[in-house]
Structures are given as structure tokens and as C-alpha cells.
Amino acid sequence: MADSDEEYVGDVTEDEDDLQVTRGDNPRAKRKQRGGAEWELSRTWETLVEGADGTINSTVEGLLEAGKRKRLLKDTTPLQRGIIRHLILILDLSQSMSEKDLRPTRYLLTLRYAQEFVREFFEQNPISQLGVLGLRDGLALRVSDMSGNPTEHLTAIQALKTQDPKGLPSLQNGLEMARGALFHTPSHGTREVLFIYGSLLSSDPGDIHQTIDTLISDKIRVGIVGLAAQVAICRELCTRTNGGDETAYGVALNEQHFRELMMDVTTPPAAYSQKESSSSLLMMGFPSRTVESNPSLCACHSKPSRGGYLCSRCNSKVCNLPAECPSCGLTLILSTHLARSYHHLFPLINWVEVPWRRASRSSACFACGLSFPSVPLEDHWQMAENNTKGMSVSSRYECTACRNHFCIDCDLFAHEVVHNCPGCQSKSTPTRSDVANPPSGGMDITV
Amino acid sequence: MNSVDASEHYELGATDLPPSLLTIVIDTNPHAWALLEDSLPLSKAIANILVFINAHLACNYANEVAVVASHTQKAAWLYPSHNAPRNRSDHEGDVVMNGATDTTTPETNKYRPFRLVEEQVTRNLKEIMDSTTADDLRGNMSTMLAGALTLALSHTNRRTLAWAEEHGGANTEDAAAEGNGNGSTATNRYSASNEDERLQSRILVVSVSGSIDAAHQYIPVMNSIFACQRLSIPIDVCKLSGDAVFLQQASDATKGVYMALAEPRGLLQYLMMAFLPDQRSRRHLVLPTRVDVDFRAACFCHRRVVDVGFVCSICLSIFCEPPPGSDCMTCGTHLDIGDNAKPALLPRRKKKKKRVNGASGTGTPMSTPTPGP
Amino acid sequence: MASATSRPLEYLEGLPGTTFYKLYQQPSTALAIFRRMLPDLAKCFVMALLYLKDPLPTADLEVWVNSESKKERDNALSILGRLHILSTTLTSENVRAYMVTNPFAASLRQALMGAEDSHSFGVFSQAPEHNLISIADLDEYARRQWEGVMGYMVGTSALSGQRDAVNLSKGVKQLLQAGHLVEIRGNRVDITKDGFGFVLQDVNTQVWHILILYVESAEAIGMDSVEVLSFLFLLSSLELGSSYDKSHMTPNQLRTLTDLADFGIVYQEDPDATRFYPTRLATTLTSDSSALSNPVTGSLTGPAGPSGGAGSGFIIIETNYRLYAYTSSPLQISLISLFTNLKYRFPNLVTGKITRQSVRRAIEMGITADQIISYLLSHAHPQLRKHSAAQSSGKGVPASVLPPTVTDQIRLWQLERDRLRATAGFLFKDFTSLTEYQAPCQYAAEIGVLVWKSDRKRMFFVTRHEQVAAFLRSQKVGGK
């Protein structure tokens, strides 16, 4: 499907849907992708119901709202997650990346998303390490080394933009190099590889199955985002390294979906079994910032600077956190970095839709004051109910802990950005605020 | 003679700059204000803050303001009063929403928008103070900072969306794309659009309470701070008494202004000088920030402030020494060696359950199965 | 915004210091000037100094500003100086220091804090309202009146019968004539070059233009220009949709009110009514052009009639110079036809093409390329804006709303004819040494008045000389 135009892609996806239905496996992917598939497959015009006023405004608004809401209904069971991650991002830089089926080209789009990915990755996983590799001319080349500093990766990826993709990619070479980079990482962190793979083949020097076996024994998980079509070896690679779970392999349908697939990886993966990642106690330093009257050299880059952080064990100066002390090897971190990961561990509970029956309790969103549609007469309830799944008929969403009602935008905002419930946080009964961010066992911390 | 050169692509429209939204969080803990009674009573502080609000509104026709009270028992809006209709009868509530207060005699010596803000803030504040009972206050030195920040953020979010919609910004485009069911992640929507073309929002926290009691709010406060950081909303902190570590961290993380006032009486001047400039002007100004922010952590076990600590790799709890029996005191995980006292919640189990539910679902275009092996 | 602010700013700057003294007596004037005329940084300076007891030493202020933003700082200080808001004094320790001048400082403080009964912000009408005027009515009235004025100038009133409703008073016609926007030859109204420029501007700029003409002509008919001016600023601080009492007003103010009603800036049922309503044209006087919210510009510029309130813009331009305008307003069509070859006309749409010929024709009439472009820009269809916003979101730079090829070409077409531009100003020359020349030259560039310089001839040309001269003087003092 090298020269596919957009229409063609559309056709293919429908076929795929049928295949998927008959196979009936892969439930997680199904849940996540259902909206996208329906959009393509379902007869959207049939869901349009004329409202009482003879227009379809209400239905269209409903569909928009349902779209927003869909992504929200994620699982909020507090899982153990691999907060400390080691991830190698491998970019396909081979000829197939010059295709223009993703605008402007696969290559440029991939680089752009890769930069966003790096930023988001460190946003979500501040104490993790990332490295970037490229596949070109049958070789794996190092784009940037494993480090916890996003700017290094960003500049390295930016530099790629001036080059052109060429040659064939080699999965095996990429994996071997990634394995080498991940080999020394401590066992308490995860070891992950993420491929952005635009080719339909891999030209390898040896037997890739052997490489896969070593990956499994090294507990390295591989995820792949394909840009063209599903490739058998990619699927096998993902399935086997993820303990039979196939969802780590996704093929992008369009630009949006591509981005979505990549960004999904930024969420820390659930820790599988204890065997895979042994938990341990890490020694970390919490340095304070100092400003000196005269500039001095920092230990990490040997550049003169006045501000910096002094390693709490050996007093070397580093200019950025998080970092590993260059002289004594202690992990230096800000307590805020740790706090940044807490929302993964204690997610905000999902809010529930409010039927008309209970809607009269509120007339405006608790958080932003947007007024809700008023409650119609009882006979009209039924008609409005069968609109769209996943959305609230009354446009209200209720936090089950504090029983306040919110609008869809605040719902999205609370769950995706703030991770706080405005209602629960605004009332002081401590039991309630605990419910909002569930098990707060020993989490009352002074910092 | 550059001025005659037509090759420059200059845009007239590009100079129209968006207004700014200032959200003020006022800590209204009566205990803390009582301590300040001699130097700066609450009423005087509010008067100063109102002048400051007016100054902000005066800077641009379209500038907006919002005020949240962070009280001992709750966080509540002072302006605009969203929730008023719920507490009163509907009719009365509507009147308040419109801001048309028929009862007061029309006073015209004040610019009208200024007066509206003033009336609402003072009335709502009085309501809060009146509703506070002695019981609420007993031994309660804390303030609902997390709630106030979350409310402020929700309001900011709403106004940003509304503003972008009115002005046909890129944000609406994103929102529409999301509606199509293949939404991007939230970050795209909240941070991708050009920063200069958005509503410029910032949050000012006028704080009087100490930090000790805010400890149980640590996670929510931190969550709010990170949200601000992500949306590039600076949190300015004006500290009248006490010192709160996480407010220091908040202003540091969001590149806001942090000032602990040596002389609370001069509040107005401090506000005017340091806190009035919006983000655009701040680029040109040297503003007071704290250089020596305290980033040290306190351990969970003995609350000792530590330089070097031990962190559980599962739940990120901090300990000053390896916990007894090598079991994490927060999540119970056995650390470092040996078997685990408590098994991790396995995602596999959850998966099986879903498979049952999901089997009948529609297909997914995510993976492209080749009919092969 | 540059074009929108500059006109009132220029006018104000031309006033003598005593006029400012009188103007700043009113809190509403101080507030309006503060809000409308000052750049961001200048606002910060004023606010920071407003409540200071002692003047702020210049050195302190310089430390406050980032070293990279020297240019912005000097520009802000220069505007403040020109508007007589900031002055320098010597402190007790003989240090040069800035302070906010007094009537302005006092008035602005009053505006912010509220004060004794100055009635600076109007007095609400207490009389019971028997005949409620809604905001929509006001908008409609403003639109009708303002379009009437425009129509009179362009001459569409003769073409279409629907304009009969608007009867322009003699005063309006005289004012337009006095401002050289139209010429009346016998019975015929001919629009002048200035007039063409005027009709193509956005509404906010037009209103200011007219008002300044009005103030200028006020002296001639025996009114105090300061009084008129401060009344205008008062109007700008009133609230849309409320009625105000006229009983507190001076005869001159009442007279002004009647004249402004002809333009649609205020509304009164009849000249003897006891109350008046400001329209959106008045209340948005001191906002940025962008904040002049869409209802007015939309209804003013968009398709005529109450149904035309949707969106602010109606013109779509393609890169192939084709132009589509969704309007049925004869005024707008005749404006567009000034620089476009119109091809087809449908009930709510006209299409045409911008050609070299049509643009040259417009330029010969005295319209400049910048005017055409700013007209197109301010009426660009939301779709165009959305498109450019979408384009720019990926990159850092904002994409232009209009296709760059079209704007560049229009400018080039103008250049074909127009190779000279005159700038009034002052030439500094005969510097004895290069260093002596460089310092004031650099200073002039920093405060943004430098137009041209020649290092070889040691000459430079500036638009205004006061500060450069002051700078030279201070240099001399410093040198000795």
C-alpha cells in the first residue's frame, strides 16, 4: 500500500474490521479503537435523530460530547506501574519513510511526533531514561544516548530533519543495539523498546528469532507503531516480548491515530509480575538549589554557571535535575519529580453520567459555572435517552465521592490535566478528599 | 529606506494581542488573619486587593478577573459567583448572575466593571465569614488550597476554551477533531496552540496560613501545580505570613513570582509592582523570584528532612533509612530481596475479565492482521 | 492595532501641556488614556509608580527592566513623556527620578479606588423606563447611522432607496467636508483621496478619526476642545445597554451629545429627552480593535439587515486573486469595487478578481496598498482566519490571514507608481566626531523615531526631535 491515497486506506480499514470481528480477540485494542472504527463503519446518519425543534443540533452536540467522553472512561484501578522506565525509541529512517501517505511525509511527521513524544514522556515519567536510535541503510545508528535530559534528545531529533531517509531498515540490528543499551540498566526499572516502523520488511544479518529469545530473557518489552500495514514478524516480536499480549503492536490509520498510538506509550506500563521487575529501594539525593556569586564549572557539562544543584553526597555541582551525579553516581532528583508520578499511582475515579431523574439537583457546572440544559418534562426523558452511548443525557457528570455535577469539559480537564476533583477538594471533610484520590495510606507527606 | 520595501510580510492583525485572565486565590483562614490583625487586617487587605483587581482590569478592556476564597472548610468562588443560584432561590440567583443589583443605589463615581467586582467579592466574602461557625474553626489551621487551585484551573480552562472559540483559534480546530472520535491526547489540546495567541492566564495566591497543615493536600496541590506547569500558567505567590514550602515550589515550577512580604502593610505597592505585569510584560522585566527554593524532601517514616533518602521503586515513598523488614510502609511491597509479602495487582487478571466483555464488540482497525502465520 | 492607536495618539501628542493638565482632571479620561494609549510596559511603569510615595530613581527603573528590553523600555518612557504622564524630578539626594505627574496620578487613583462625587463615570437615569431599548436595538441604530455616513460619502445613498431612513444632519456633512473627506461640488458629493482611505479603515479607527475631526472643529463653533475631549472619554467608560441622565450635563456636552447621535455613537429618542444611551461605538472606543466585539463590526460591515450578524468577516481571497464577498450591502459592494473587478453578483454574494488594472485604478484615486490590505484583513472571512490559525499551529510563526502572494502583489503594484514617500521630521547633521554622532543616532533608533541615517555623512533623520535633543543636552552635561 505504498502509493495508497486516502480513499484506499479507508477501504483497507473496513476489511480489517471484518477480520478482527471474526477473530474476536484483542479486547483491549477493541475497547480503545471502537470509536475510530465506528466512525468509519457505522452508518452515522442513522444515529441522527431530529430533536423536538426539528433540527439535529442536539444529536450532533451529543456525538461531539461522546467523542470527548470516550477517551475518559479508562480503568482507574490503582495498578502498580513501572514508574522508573528505560526506553529506547527506534525510528525507521529507511526509504519507505519518504512516502507521503501521512502528511507532509511519514518521515517528517514521525520526527515531529517523536519530539512531542520525548517531551510528553519526560513530563509523565520524570525519573526515567530515554535513548533514541535510527534504522537506515540496513544499520542501526545512535541518534542520542540514554539520558534523562529531554533537550538532548530533542536537538538530536531536530538534526535528523535535514537528512533524508534512505536504504532498508533492519529490525534485528536495531534490537541488538537497543539490547546493548538496556543491558546495564538496573532491574527495578522497566526495559522497553518502541519502534516507529514504516517498512514492510526487515533486512537482517542473522536470525531475528534468536534475538527475540534473548530479548525475552533480558525482560525487554517491545512495542511497535507501524505506519503501513501489519507485518507478521513485528506482531510476533511484540506478542512474544509482552508475554502474549498483542496490543503493543498498532498500525496507524491516520495522523491522529498515529499520534495517539505513540502517546499511549508515555503512560507508565502496568507492572506485570514481581518476577519481571524486582522492586527495590533506591538511594536518591534531594539537592537544594544554590546560586553562587561567582560562576563555577558544573560537573556534568564543564560549563561555567552560577546557579545549580549540589550533590547531597559529594557536593559536585550539576546544572539540571533529574540527573545522576557525575562523580559519585547518586541519583539526584527533586521531590517534585516524584510527586509528578503520583497521579499514575492514585488516579482520579471516573465520573458517572447523570440521568434526568437526578439532574434537577444542579443547574450549573460546579467547577466552571457553565449552565446545564434545564430538565425537560418527564415524558421527554425517554426520547433523549437513546441518543449516544457514553455521554450523559443531561450533559452532567457526577463525581461519586462528592456528588457534585460537572460539565464535559471540566470532566476531561479534571481527568486528563489536573487529576483532582474540584468538588472533593473544595470540601474539607478529610474522608472525602481521600476518596477522590483513593488510597492515600501513608501519602500525607510534608515536603 | 527600508520602509518602502514591500517584500516584508508584515501583518497588521498579528499585533492584536489577547487579553489576560487573572485568578486570585485568597486564603481566608480566620486564624491566620487574626494573627495579622495589627499590621494588616483582612478588610484592609481585601481593599488593597480590590484596587489591584481594578488596576488589572484597567490595563485592557477585555481583561478578566476571577477570585476564589480558600477557606478553612471549603473553597468557594467570590467572583464570578457561579454557585450562587444553588444556594438561593432561582430567581434571586439569576439576578446575581446578571450582576444587576437593583437594590443598591446606582453609584457612578466608579467605573462600572470595577464596582461589580467589588460588590460581589465583598458580599460573597461576608457570606463565607458569616457561615463559618466556631466549630469549624476549632483547631483548624489549614486552608483548602488544593480545592481553590483546582477551581481556579477549571475556570481558566473554561475561559481559555471559550476565548479560543470566539476568536477562531487553533484550539477549536483541535476540539473539533477530537469530536470526530479519533481524539488526540489532551496535551495537544491544551498546550499545542501558539502561546501568544491564547488567553493569557495566571494565578495569584495570597497566602497567610503556614504549610504544616496542608500536608494532607500534598498530592492534590502538586497535581494542580503540574497542571499549571503544563498549561504554562504561572502561579504567583504573595506570602503575608508563614512560609509554605509547596508554594515556593509552585512558583518555581511554573515560573511565577514568589514574594514573602517583610512588611504586610505595603501590600498594595507589592501587588502593583511585582504582580501586576502580565506574561507579555514580564518578558521585559526583572521580577522577584526565590532563588533558594527548598527542594529537600521529608521522609514518610519519621518526617525527617533528608538530603539523601531511599525511594520505593513501586510507590515512590521516601524513607530516611531502609524500613524495618525491608517492607515498604506505604504499599507493603517487599523491597530489594526475597519474596513479596503481597502480590502485585496483576493486570492479567483484569484482562481476562475484559476479554469476556469485549468479545462481542466491534472489530478494531488497530492492528492489520495479515492472513499469514 | 498600530494604525488604530496612532491617530488619537498623534493628536493627543500635539496638544499643549496645559491641555493635558485640564484633561487629566477627570478620572474617566485618565483611565481611558491609560488603557488605550499606552503599551504594556508603560502600563506597568505607571501602576508601579502610582502608589509610591517618593519618586523612583531612574537607575532603579532601569534595573527593573531586562537588559535585552532596552528598546521597549525607552519606547514606553518616551510615550509616557509625550503624554505628560511621567516626569523626571530630582530626589532629595539629587538623584534623577521618575514620578507620575499629578493630575493624572490623582485621577487614576480616583478611578481605581472610587472617590467623591465627580460623576466622572456618568449618572444612571433614574426615571422609569417606559420604552426599553435593547442592546440589539442600539447595535442596529449604530449600524444604520454609521452606514448612512459611509453611504453618504461613497454615494450609495443615491443608488439605493433603502438609505432614505437615515437623514444626515447638516453638521455631519459639514464635518466630513471640513475634514476633507468629501468635497461638495454644487449638488454632488465627491469623495476625496483621504475619504477613500477613511472608508477602508476598520470601524474603530474611523470613529476615532471622526471624533478627532470633531474635537478639532469644536473650537471653531465655540466649544472648548478639552471639554469635548474629556466628554468623549467619559462616553467610552459608560456601560452598553444602560441609559444615562442628561440633567448633570453642561450645555456644551448636550450639544456634543446631539451631534454624536447623528453618527450613531450615542442614542437618544429625541434631542430633548432626559436620557441617552451609549452605543457600542462609544463603549468600545478605548478597547483594542480586536476587543471591539464582533456584533458591531459584524453588523456594520457584514450583510445589511438584522440577519447579517454572523461572524465579523465576509471576504474570502484565494491565491489566484479571486475574491468572494458574502454581502449584499451596497456600501460594502461599492467599497470592494473600488479595487476589484467585480464579475458576478448574487443575492448574498459578489465575486470578482483583483487585477493590476483594478489596483492601479484604486491607487490613482488615492487609495494606498496598505489601506486595501488592511481593509481585506479586517473583513477576512472566519474561514480564512481559521485556516491561517491551523497553518500556524504547527510552526512557531503565525501564518498570514491573507495569501502572501496577493498582499505582496498589491504592494508591488503600488510601487510601480509610487516610488517616493514623504516623512515629516528633523535632520540632525554636522556632528564633529563619529562617536558624537553614534550615540544620539543609536538612542533615536532605540526610542523608535529614527527613519534614516548615513554613517558616512554623519547625518540622521528622525520623526520627532524633542527627546533626541534632550538626550544630546544630557550628553553634553555628562561630558563636562
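As written, the chains take the letters A, B and C, and residue 1 is the first residue of each chain.
Just so we're on the same page, contacts are C-beta pairs under 8 Å (C-beta built on N, C-alpha and C of every residue); 3 or more make two chains touch, one makes a residue touch a chain.
Bear in mind that the values here come from a model prediction, so they are computed numbers and not experimental data.
In terms of inter-chain touching, the protein chains here are arranged end to end in an open line. Measuring from the average of all protein CA coordinates, the nearest chain centre is that of B.
Each chain gets one centre point, the mean of its Cα atoms, and the points for subunit A and subunit C are 49 Å apart. Between the CA-based centres of subunit A and subunit B the separation comes to 24 Å, rounded to the whole angstrom. In terms of their C-alpha centroids, the spacing between subunit B and subunit C amounts to 37 Å. Of all the residues in subunit B, the ones that touch subunit C in their complex are 1, 3-4, 6-7, 9, 11-17, 19, 51, 54-55, 58-62, 106-112, 114-115, 166-170, 172-173, 192-194, 197, 268-269, 272-273, 276-278, 280-281, 283-286. Here subunit C touches subunit B in the complex through residues 1-3, 28, 31, 34-35, 40-41, 43-44, 47-48, 50-52, 63-66, 69, 72-73, 108, 111-124, 126, 237-239, 284, 286-291, 294, 369, 373-374, 377-378, 382, 385-386, 389-390, 392-393, 396, 398, 400-401, 404, 407-408, 411-412, 414-415, 419, 421, 423, 451-452, going by the rule given at the top.
Note for the complex: subunit B touches subunit A at residues 72-77, 80, 82-83, 85-86, 90, 140, 142, 144, 146-148, 150-151, 153-155, 157-158, 161, 176-188, 190, 211-212, 215-220, 222-227, 230-231, 245-246, 249, 253, 291-298, 300, 303, 306-319, 322-323, 326, 328-331, 333-336, 340, 343-348, 350-351, 354-355, 357-370, 372-373.
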